[in-house]
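Think of it as A, B, C and D in the order they're written, each chain with its own count starting at 1.
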Amino acid sequence: MSTPTTTTATDHAAMEHATTEHAATERASSDSATAERTTAEQAQLMREQILQMGTGPDGTHVGGSLSSADLLTVLYQEVLRLRPEEPDWPDRDRFILSKGHASAALYAALSARGFLPAEELAEYGTSGSRLAGHPLRRLPGVEFPTGSLGHGLSLGVGTALALRRTGRSGRAYVLMGDGELQEGSVWEAAMSAAHLRLGGLTAIVDRNRLQITGDTEERMGLEPLAGKWRSFGWQVLTVDGHDLDALRAAFAALPGPTGQPVVIIADTVKGKGVPLFENKKKSHSVKLSPNLHRRALAGLRARSRRQS
Amino acid sequence: MTDWQERYATATRDVYRATLLDIAKSDTRVFCVDTDMGGLEDGFEAELPDQYVNVGIAEANLMGVSAGLAAEGLLPFANTIASFAATRACEQVKVDIAGNALPVRIVGTHGGFSAGHYGPTHHAVEDVAIMRSLPNLTVLVPADAAETEYAVRALADTEQLPGPVYLRLGRKATPLVHRGPYTFRIGQADLLRPGRDVTLVASGPVPVAESVAAAELLAGRGIAARVLNLHTVKPLDAEAVLSAARETAGLVTVEDHLVTGGLGGAVAELTAAHHPCRVHRIGVPDGFHDQVGTETELLARAGVTAPAIAGAAEEVMRERN
Amino acid sequence: MTDWQERYATATRDVYRATLLDIAKSDTRVFCVDTDMGGLEDGFEAELPDQYVNVGIAEANLMGVSAGLAAEGLLPFANTIASFAATRACEQVKVDIAGNALPVRIVGTHGGFSAGHYGPTHHAVEDVAIMRSLPNLTVLVPADAAETEYAVRALADTEQLPGPVYLRLGRKATPLVHRGPYTFRIGQADLLRPGRDVTLVASGPVPVAESVAAAELLAGRGIAARVLNLHTVKPLDAEAVLSAARETAGLVTVEDHLVTGGLGGAVAELTAAHHPCRVHRIGVPDGFHDQVGTETELLARAGVTAPAIAGAAEEVMRERN
Amino acid sequence: MSTPTTTTATDHAAMEHATTEHAATERASSDSATAERTTAEQAQLMREQILQMGTGPDGTHVGGSLSSADLLTVLYQEVLRLRPEEPDWPDRDRFILSKGHASAALYAALSARGFLPAEELAEYGTSGSRLAGHPLRRLPGVEFPTGSLGHGLSLGVGTALALRRTGRSGRAYVLMGDGELQEGSVWEAAMSAAHLRLGGLTAIVDRNRLQITGDTEERMGLEPLAGKWRSFGWQVLTVDGHDLDALRAAFAALPGPTGQPVVIIADTVKGKGVPLFENKKKSHSVKLSPNLHRRALAGLRARSRRQS
């Protein structure tokens, strides 16, 4: 297990390590060894489901869904305290998919957690479905509709501020794309979260180094990315976004509601797990023909066999 | 001066602040979200620091944060300048607040030309058109300080108003419309003067005041002009407007806003659909209004004056015949 | 299939890209400003890297940068999604581009419901209302790929069009309106079908196609419907609309946009001011449209179908009598 | 003379030190000693004119105009290459007052440079005047109307990019307030300017540490401010914004059109020069009654006598 790199001095006093524990109390599977195997398997299942949704009428955002798959799986399987049978449970954790185009990954995560029947995933993008290309608020488990980049972190600031004010125990998590960080609204939110010491808000950056038109560093360089967040007052944890243990460790190291907020920069691979798509800008949005789907799935399964 | 007159001889902005503080004292859901407006910190924050947050000079953040607060059951009042609410933060209002039908109260000062010599970046003459095009939003344009107090108190009632509201305020004291308490109901036009010949439909402080004065002028010429104060531009009081369309020769709309897309646009759309009649729209013409002047001077240049309104009413009557 | 049909059997977005590249080759003022749209880099940037810049996923920056480029004599095409142009970057469009009457060509794809299952954050059903409220802007809504080519070529002519333009495009191929070359003039309605009984006034690919189909249906019922394609929503062709108001029983407006503030609103305002007549507005009702469906499905749900249009036309005729 | 602190490694090769020189060729006063005395005097005159404009019908933004007075004077007296008789001269430098509320200071600078008759300043804010509370584009010498914070830097990016593309020699300068940096649009522009290596664009921050509601660090902390800019790819020069020589040195150390852009963080005092207003948040926007004007002016003059 690799541990996350703590890149700023941390207010250890303010930290509470209870996150994973709490999640467990709201989960059926409590045995940690089982949980670990299950989580990796869930991530694999999520990837298959993403590819399946990519066969929908207009395809889906395959690359950025696959890069988020591991971290979303850890979040939904082990971290987030949620009650699928009571989606509005006041003490739940709030998750906001600011990179709303990765909706396929979110739907898979929600279904794994029991918010949606797995069969419903087949309706992705079809007429009359609840599973739009970007998440709709009326879907249980979705806090806010997203899809226009750069909205999520402000929503998270408001949410975390309200949770602190009302004394509820839930945390707020916001997942953003790296290209998304080019939106100025992200930095407004970042500045205010740090100023307000919203330790209950955690940002996660899916650092897959690709935006639609190519390599972020060629298109609109984001480096030094940790430096940007630090200069905006955040504590930065840089982790391998496909290392489940590293992700777990990061999520276990979050501050309390008045601590310095943490951003987890998850180094990821766009299209992760599917050799056809890995690190390919074309993987951003793909409509998988039956043939392409077959090849992609075969590649995904071969890779996973090789790794286990 | 009556008590009423003395109490409300002030800017809509000022009475808003006092009323907000008052309701917040007994309603702990009320949350004042500031973007460095100046003034809220001395009154509101000083008294109720736990119900105040400054999110920076950052209007997009203002709307997103307010949406987050509202989703958690608080009742945020999001404070900025009208033009910034409608344009700078437009998408956040659309997607985060309006789309989710969250009870955020978006309060924009400097409505219309009330920023006076501050110039075109601070004027809001397209805000009503924009806000009217966003889903679920109630759009309120109080005509004076008293009406502002009624409106702000109404905003605290989330049973009556479970969705988002845009409240458009001014900057300086403007004339009082009523001499004492009256019935204010959101969505219901305020009949200021009955009349069977022609109807003046107005919203906003100067437009309403000038319309009342225009009705006086018309009365002197033997014309009975009905005057409606449409403090609620959305939802529009269809019954009041269509009755006026049926019962009088036609309508003159008067607003401190573009002649397109705002009150005049809403009235034209409604009547054209259900009872076509002449609608003469008085307001700000299309263009970038980079003239220096006070609110009333700038509006006078745009034709928002009692004589111009009276003239338009006469024209509407002539054309009917 | 004729050459014409083959050539334009494509999305307005695609013909835009090809035409832009074509005009840029001979006009070095043309500058393609990208916000990571995807597609412009492979064609345009690959061929003309010196006339291309990617300003990041940053729509406010897009508009400010484009204003700066235009002020220096370049001819920027500012590329984003329609909804982001009108709402995310609204103030930059207003103050930096429209207010200064600078020749920026703001190009928004995914107009109306053309983003289909992408959902409400990617739909633009209020963009025309918003853009129409900003100063100096010409608002263009081509009805098909061929018209898009005409429009894009017209945009290169800064003598005819010295000010800013908003060009609203779709995302997928839509039916062709004409079978061959025709006269396209900005600001001038395109008469698709003469008729003295009632008038259908449409803008946008599906609305125009459905209106033409509705006129067919009506012809079968002995009703001669005039059909106008209003590719230019601002400035509105007042003469064509008012002639229709005078010469036919009334108007049905059809758009892939809210029924308020857009084409229908503009037509209602104009007729109410000069020749009151029935204006039945067909388009998207107020609300947040978070249904999943294709463009045509979503528009059908909103009532933008030939039968509904024909029915509205008949109703307009009945009410006239 | 204090020199500016260079806080990042500078691409010295790309620098051209010709700025001040060029300005001189377009100025009547070429003798450097005269210029220096004149500049200080001009700044004092500007302050008096700002106070005068503060007596206008609705007052003016006194505090932020006074804090910018010295740097605007150096810019307009010594740095900017302009032709008052030909305001659209293609090779001019472009100055954008992003903090448009400091229009009074800009009008004084434009009048000192010959764009406006000094008498016209008396019309500030009055009906029919060209001198609005925020600059209007139709005023000669104004590149863009401003007043809504956070627009200027993007305009500067477009301007500098166009100047580079068309091969013109002018530079672009954008003056921002510190509170203004809370606007996310500033960071969109900052990121893109660095990515595009727009060395021809120079940002100046009037770091007076006050926004309307108070101390920036209490309201919405901006520190580490140099760190923010550096992490966004800019070279940072921190100078005393009231030290004319330090400002001169900073403006003399600017890169060429493909260099790393420079931000000059000018440490200033809000209300500078008028004891009544210095470091007072209330100085932000003031309507000076005759009595207040008298006191303010007396304070300003006493201070200047003490210093000379």
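Throughout what follows, a contact is a pair of C-beta atoms (placed from the backbone, for glycine too) under 8 Å apart; a residue touches a chain by one contact, two chains touch by 3 or more.
Keep in mind that this is a model prediction, so the values were computed, not measured.
Contact with both chain A and chain B is made by C, D. Taking each chain's centre as the mean of its C-alpha atoms, the one that lies farthest from the centre of chain B is A.
Centre-to-centre separation between chain B and chain D, using Cα means, comes to 37 Å.
Chain B and chain C have CA centres that are 30 Å apart.
Chain C and chain D have Cα centroids separated by 42 Å.
For chain B, the set of residues that touch two or more other chains comprises 55-56, 58, 60-61, 83-84, 88, 91, 95, 99-100, 120-121, 290. With touch defined as above, residues shared between interfaces to two or more other chains in chain A number as follows: 137, 145, 148, 150, 182-185, 188, 191-192, 195, 220. Arrangement of the chains shown, judged by which pairs touch: all-to-all, with no pair of chains left without contact. By the touch rule above, chain B contacts chain D in their complex via residues 34, 36-38, 40-41, 54-58, 60-61, 83-84, 88, 115-122, 290-294, 297. Remark: chain B residues 83-84, 86-88, 90-91, 94-95, 98-101, 120-121, 126, 129-130, 132-136, 250, 258-261, 264-269, 271-273, 276-281, 286-288, 290 touch chain C in the complex.
Those residues of chain D lying in contact with chain B across their complex are 56-58, 100, 125-138, 145-150, 179-180, 182-184, 211-214, 219-220, 284-285. Of all the residues in chain A, the ones that touch chain D in their complex are 182-188, 191-192, 194-195, 220-222, 224, 227-228, 230-233.
By the touch rule above, chain A contacts chain B in their complex via residues 137, 143-145, 148, 150-151, 153-163, 165-166, 168, 184-185, 188-189, 191-192, 195-196.
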